[in-house]
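Same chain, two partners: subunit A is paired with subunit B first, then with subunit C.
Moving on to the complex of A and B:
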């Protein structure tokens, strides 16, 4: 699903995560607004975009703190009722970010938590996608993550297209040429 | 084969499915005398008044529009047959009754162009709608069982239009589940998330609707 040209994949990597530097880094003070000189000190906590965090962690230059939306509190909330948790305001790329964090974090339960979340919310999306009204934006869309929204839209669009086909009156489209009146005098 | 209306998703639009359905054969009773028509897809005719002849649906509709024939609705489009199908459909919550692959489109085309040839059109139409609703509800409740272990979905006797409606959703849902259930994510091996193993066809398939 993730590919080089996938826009959602790129945007997911823009999400900021907080990392703690294991080593001091010179000349990158721009990353840490709190630094006085142009350096990041060892043990400094810095917010960086995910794409940078991935690289830093792979080079053992930093370790990652899981973002708040993967905290125990949210997990408990998710266990209570997956369908009601508002993912969208927490992180629109919940799954994308989660998947990218799995290889660089020590938390072994993250992957299964993502799967649990998806499974729990899937049924809700399924039942609402095909029965949603055509015109209005349903309420459920306000709490779906970007990935879930695409799933929801896929179901809703095909259902809408079918309903439109069913009620549509004349299906024969007249070619533009046929409608024109012939000029009275041809050259 | 993919539809032309949406190149990215390779899905058919409803109109494209309808176009495919127009190749189905149907009986007509001509009321004119006409020689055999030689088409690329075959020869049809000769047409003699009151002698039934089999033609593709598109030809039947073209002739009907010029009122040169009467279309004989197919056997399954009768009140008795449809009532029976609806009953069976309701009684068997886990399987679909055999109906023609293009039953949604054929009935729609006949209702649009040859309404007067159908006996009891109101009842037939409402029966068809009921059957479609019941069947779609079954598809939905079947899809609820979709899980990470699902690698393929078996939907026996599902009609073209019904498949077409759920196709984008199923494809995306299966992709999501496949991604999130991959070994790398759940069992936390050191390898990269992106390098997912290609799905092998040898895994046991989950039957959504066991017969």
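Moving on to the complex of A and C:
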């Protein structure tokens, strides 16, 4: 269970999903750009942030349509080669959103699809994190979701630490909060 | 509306991977609070309307109920955004104490808002008095020491500094052997660099 204060969790819940209202609601017309009065009618199809969708679906006040990045087309693409699919542009919080959708959707295959995706990509991410040059930003990072980027970074950090330990490099460092070293000070 | 701004506030923090502290975003923070107030008014209007119609708020599930519900959820969402913005920043402020010591550089102080500076002072005092009580400086030796002395290179002209109860003049690019415990805070503040020759 993620923490109340967790920023990534919070931002994952900000992704919009499309829901169909089973009930009507007054005074929230701003959600539905198509509504003329300030209300959302029964049966209206509205894009709402995930945090709202979660609660509405749990109360049976709406049902959810899975977003495009969980469509059959993407799943086929993922089956072909998980390592090549660009997840980042589709949804930076692919796994976070997916996990939150599992309890509120009727689609029983979503959970296993997420697992399949991660399993297919995990090895690739890890081996690239260990072998990529430290200074550059490798191409593979452009297609990783936020969760995968953190995994990548963790692999990379441990590799850097290991290399530093091998050459007995410096162990104390300037606090990161102060920013990069001033170039003009060199020489 | 509906938490957009709150998320914007938090995404500013989340994107900030290099651990650098940004200025406290007062404008956006106020906006989110305003938005929360707006949701509260809307919520109140719905509730009053239901009461006037003589409906039982706890059991009725009409259009007004769901309108009120959505505003209620938005209110809570905004609160969560504000709370986690403040909380995550406070974590960074705590780290500052460990990395830079009890006195903040002026450019960092500008980035904190009034209550964060207050928080830093109180936290620093608390940590200070704890360390005095147990008679141990907890902020040094964050990595296990191999040798009580280390070689350092001076990054800037620092003038006369009291080291090991002796006044020493630290000139830029000069190399010194000094006590590790004395060097560590200075390295963390970026005044010295560990030198491996």
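Following the convention adopted for this analysis, the second predicted complex is superposed on the first by the 162 of 187 C-alpha atoms of A that agree within 3 Å, B and C clash if a C-alpha of one lies under 4 Å from a C-alpha of the other, contacts with A are read in each partner's own complex, and residues count from 1 in each chain.
As a working rule, a contact is a pair of C-beta atoms (placed from the backbone, for glycine too) under 8 Å apart; a residue touches a chain by one contact, two chains touch by 3 or more.
For clarity, every value in this text was computed on a predicted model and none was experimentally measured.
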{"item": "First, second, both or neither for A:20, with subunit B first and subunit C second", "value": "neither"}
{"item": "First, second, both or neither for A:49, with subunit B first and subunit C second", "value": "second"}
{"item": "First, second, both or neither for A:162, with subunit B first and subunit C second", "value": "first"}
{"item": "Which superposed partner A:141 touches (first subunit B, second subunit C, both, neither)", "value": "neither"}
{"item": "Contacts of A:127 with subunit B and subunit C, given as first, second, both or neither", "value": "first"}
{"item": "Contacts of A:66 with subunit B and subunit C, given as first, second, both or neither", "value": "neither"}
{"item": "Touching partner for A:102 - first (subunit B), second (subunit C), both, neither", "value": "first"}
{"item": "Which superposed partner A:151 touches (first subunit B, second subunit C, both, neither)", "value": "first"}
{"item": "Touching both subunit B and subunit C, residues of subunit A", "value": "171"}
{"item": "Residues of subunit A touching subunit B in the complex", "value": "1-2, 95, 99-100, 102-103, 108, 111-112, 114-115, 118-119, 122-123, 126-127, 129-130, 147, 150-151, 154-155, 157-159, 161-162, 164-166, 171"}
{"item": "Subunit C-facing residues of subunit A, complex", "value": "4-8, 10-11, 14, 23-28, 30-31, 39, 48-49, 51-52, 55-56, 59, 61, 168-179, 181, 185"}
{"item": "Residues on subunit B engaged by subunit A in the complex (per definition of touch)", "value": "11, 13-15, 18, 108, 112, 136, 140, 143-144, 146-148, 161, 164-169, 171-173, 175-177, 179-181, 184-188, 190-194"}
{"item": "Subunit A-facing residues of subunit C, complex", "value": "1-4, 7, 10-11, 13-14, 18-21, 42, 45-46, 61, 63-64, 66-71, 73-74, 77, 80-81, 83-84, 87-88, 92, 95-96, 99-100, 105, 108, 142-143, 150, 155-156, 183-184, 187-190, 193-194, 196"}
